[in-house]
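What follows is a pair of complexes built around subunit A, which joins subunit B in one and subunit C in the other.
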Partner chain A sequence: MADTILAKLKQSILDFDEDAALEAAEESIEAGIDPVAAVGALAEALNELGIAFEKMEVFLPEIMLASDAFKNALSVLEPEIKKKNAEGKKAIPIVIGTVQGDIHQVGKDMVATFLATAGFEVYDLGVDVAPSRFLEEAKRLDAKIIAAAALMSTTRPVQKDLIDFLEAKGVRDKYIVLVGGGVVTQDWAEQIRADGYGQDAIAAVELAKKLLHVA
Partner chain B sequence: MSHGTKGKFIEYWGRGETGPITFQKEFDTKVYWPRLKELTKKYGIEYAPGKVVPTDDDELDAIWEAGKELLLDVGILNVSTERRILFTEEELEAALDNLPNTVTLGEGQDAITIPHRGFEDYDSGPTPVGTMGRILGPISDDLYDKIALSYLQEPLIDYIHFQGVKTEINGIPVKPGSPFEMMAEQQHVSVINDLKRRSGRPGLPDGGSTPVNLQAEMAAANPLWGVKKGDVRHVYIMPQLKTDYDQMSRAYFWHSYGANIWGILQAYIGGAAGGPATAAVNGVADLLAYVMLYEPTLLGTWPTDALYFSNSSKYALYVANYGGAAFSKHTHFPALVGASWQQTAGINSEEYFWETAAGAIGSATLGFLVSGGTGHQSSGLDQAGGLGARFATEVGKAVGKARLTRVQANELVNKILPKYQPLIDNRTLHTIGGDFRTAYDLKTIQPKPEYLAIYNKVKAELRDLGLPIT
Partner chain C sequence: MAMTAKERVLTVLTGGVPDRKPVLSVCQYATYGLMEKTGAFWPEAHYDGKAMAELALGGASVLHLDAVRVPFCQTVEAEIFGSTIKNGGKTHIPSIETPAFTLDDKPIIPAGFTDRGRIPAILEAITRCRKAVGEDVAVMGSIVGPFSVAANIIGIATLLKASLRKPEKLLPFFSAAEKTAEAYADAVINAGADVIVIEDMMASLDMISPKTYRTLAFPYEKQLVDHIGGRIPVIIHICGKLDMVMNDIAATGVSAISVESAVDIAKVKKQFFDAGISVPVFGSVHPIRVLLEGNKDDVIKAVRKSVEDGADAISPDCAVAPETPLENLIAMTEAVASL
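Moving on to the complex of A and B:
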């Protein structure tokens, strides 16, 4: 019985089906399945999708849908985990956005989606985000990571502004700053003293996990 | 505005105030994507390894029908109002019917007239039908003139995108929306005009849109010293099938000014546009959306791999060639720039020339303009040089001389791909190849002997592969 429900949960993610995910999550609670195991089944599906994405077997809109299905299921499972106090750690908050003056969103969306599917609590600030807004939101949400994207040579300096801003406010050490985008390189990340650079969405997730010491 | 929808833009843009309300995420995941997938399946469009230059007309017809149906079904999202702009089939057909057969870019003696060109048509005029040189990415202040001159001294280049980005004004970073962006654009345009004059090519068309903000573009719109009416500026249809009021304002401004508009098929393969087959369908819809909304004088194919920025990968070439050819076969749109707008490897490498050749062979065979000049994913400093654009034209000329069929072109590009595709697969191609300083003598602005040796080596190998390049 438990196996069937866990398989159903996993399948709901693989099918990108928000309603089925919610239904299966509720079913798992009713059946007394450990919510941590239920989240494990969801994570397994997301991992499979991540691999399929790299092979170009599934695509960004589907990952976005899977991410929504995951969130739906989590809305039922998370309170149960908290109740049981079993591994009830809050997901790590991350704020992400494309820097001020830049309206490109595809790369940023990909990173945001993959961070969410990796279990982070992602707050997507959208595009054209001012350094001050990154800071305000990071403070408000108690974020651990600020991820800033830039796709144009002309907007790349705003990534440096963000770091300058954090330093000026004396909070640079509070946040891990990740940078990325079409014109961003490892050299640039080092030059502006960012904490990391991800060449793509998958690399960004690995980097975030590594820097936060999470599996 | 002079062609395509001919003045209908007010009505069409206005639909962004009344069309179906659709939030962005809903558009991406529930409207655009499922329909794109359905149509790609319905028309049996499939990507397969080895497909680079299209050889089957039925396949192009299928991509055309699917792309057209996609645009008619889902429309284009105006992100500013979160409403979709929809068109009827009759409106689309009328706009296509109204397209010109030729367009003229530039002014005076330097003006070029580009006709529509069919596939494997080597008798209606020179091949390639035109050459676009492209300078893109950050350029050092001390090299700004030299890099531009390296293109201007190349007689085979007809049209240049002087999009080298000035990063500082008096040591102050140039940020979007700042007065420094306006100053940088004024400086950029006037310097380029001066260089064009000094090269004896004052009317050479320039498609160099560099500012992020429209106000900075407008600052350089001056018929005496600034953007000329023969020049071309970019309007953006964002991935995938989205636009906004800022882009409409750009189009409105430049059309009112009397200059030209360029736009691109911009599918992110592996990202929101899906795999190569869906991305090619999306590409047709992108190009049609430009025709309906922005009356472009020049269009281009600019797909890229979503996970590793490359315009010249096997997937990007497929989408550019198949999407572009489907559009070209069913319209008489005159000026379509083909694949590989910028290369992935640095300019001083064999791989850079191989990428350029792979793009130019398909483009010349299909009747598109060829392009070249920029390397290192357009993100490295000073990664541009005129020799790459010269090489693209020479490849195109050789295609014309050999009268390559599409089948032969496809075979040839498939022989070239192994020379660089593995480095795209392992995501290291951008680390190869030096910049302008390593490639050119900075005093004479001529390619250094060792750079010419690389260029000549690739040409010799192309001859060994059967392409009569001189």
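Moving on to the complex of A and C:
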């Protein structure tokens, strides 16, 4: 029974079927399946799509629809995970956004989703986020990590603006700043003295965990 | 016999053999350094024909490119359709804030499209560039391709999702974007441009599948190229790894295809040869790894690689980042000139 439902969850993502994803997620909770295992089945499907994407067998629209289906299922599963975690330690807050002048959303959404699944409390500030807003929200939410995406050669300098801004405000040491996006490289991250660079959503999660010394 | 820069560019675009490979930047090349040198700065140069021309002309006088081009951003058409634009200030290009339409809207083409928004300033800049460089340097007017304009007026995420779920709902947007591109192209030609660049950056396999390219992007690109009808040559630029659709892009009838270094130019040239396709391929010096972060030697190496691969003209992959050092751009043009 549990296996069938997990397989159904996975398939709903591979079919990028939002309705089926929601249905299977609800079914999994009714059947008493561990919500973490359910998210695992979803993540497995996303990973498979990610590999097919790398090979140019599936393309971005499919990934976006799969990601919508994933979010749909997550909307049911996440509260369950939170309930379970409630006795445990508090989730670590992260603010994430695409930098000012840049309205690319997809990659940043993907990273936000993966971070949330990994158990972080993710505050997605959206796109076109000014350095001052990153700081404001990070302060308000007591975030440990600020993650900033830039997807254009013309907006990448804003990642540096953000770090310079934090330095100017004397709060650079309070936050771990992660940078990412299609035009971002490890060299760039080092050059602007970011704390880390993740090539993709999975790498970003690993990096966040490593830098915060959690699991 | 030495050619002028313009002769060199037009020779390649019309299938001839130039004295040496042209070097140009198919996409935007304005940098902070170029702004200092020309005294024309963003944001004025996005809006004012004179400042736009002055900054663009730095491409010839400072960088020694074989062609100059305007504008510097890709939001001109979308702004006229009613998308709200965020001014990029001194350091950035304008970007789309809110798309003009939702998927359920019917796109409305504003009357007198080419008299609106920043188009008059761009046309003025083309005419100014033409006057300033005379017949020595090629002048390129860049317009955004129909697929990408549609993305800018309904939002890229909406467009991409609809491309799978409800492609028929997108057709009126592509159609409107193509019709306005025709009018804009006519105006660019009348203003004195030698070449039209169509930037259809979103019609990329980074965004869509080959099938979607063929059904939703290609037909409108071809219609636009047919409308221009060989009055002046057309260079199309599409981002990303395009190997699977290069033959299709060639079938739009463009005079040249500008690609990123993700495309294996040597392989494409062979594939073209085997298929009897003679469309020149321009590329591909990486704007970040090489031009922005690399040194002079990296630039020379990248230029040599493109030449060895058989690129017909040397160009950065895509838009040059504004903080790119001038010396790297100059190293690119010098490396080509010394071949």
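The rule we apply is simple: the second predicted complex is superposed on the first by the 115 of 215 C-alpha atoms of A that agree within 3 Å, B and C clash if a C-alpha of one lies under 4 Å from a C-alpha of the other, contacts with A are read in each partner's own complex, and residues count from 1 in each chain.
Methods note: a contact is a pair of C-beta atoms (placed from the backbone, for glycine too) under 8 Å apart; a residue touches a chain by one contact, two chains touch by 3 or more.
What you see is a predicted model; the values in this text were computed from it and never measured.
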item	value
First, second, both or neither for A:M110, with subunit B first and subunit C second	first
Which superposed partner A:M1 touches (first subunit B, second subunit C, both, neither)	neither
Which superposed partner A:A201 touches (first subunit B, second subunit C, both, neither)	first
Contacts of A:E62 with subunit B and subunit C, given as first, second, both or neither	both
On subunit A, positions contacted by subunit B and by subunit C	56, 59-62, 64-65, 68, 100-103, 105-106, 152-155, 157-158, 183, 185
Residues on subunit A engaged by subunit C in the complex (per definition of touch)	16, 56, 58-62, 64-65, 68, 100-103, 105-106, 128, 152-158, 183, 185, 187-188, 191
Subunit A partner contacts - residues on subunit B that touch it in the complex	25, 28-29, 32-33, 137-138, 165, 167, 173-177, 181, 210-213, 238-239, 244, 246, 268-275, 278, 306-309, 315, 377-380, 427
Complex contacts: residues of subunit C adjacent to subunit A	86, 88, 91-93, 95-97, 156-157, 160-161, 163-165, 205-209, 212, 241, 244, 287-289, 292-293, 318-323
Partner subunit B, residues of subunit A touching it in the complex	53-54, 56, 59-62, 64-65, 68, 100-107, 109-110, 152-155, 157-158, 160-161, 182-185, 199-202
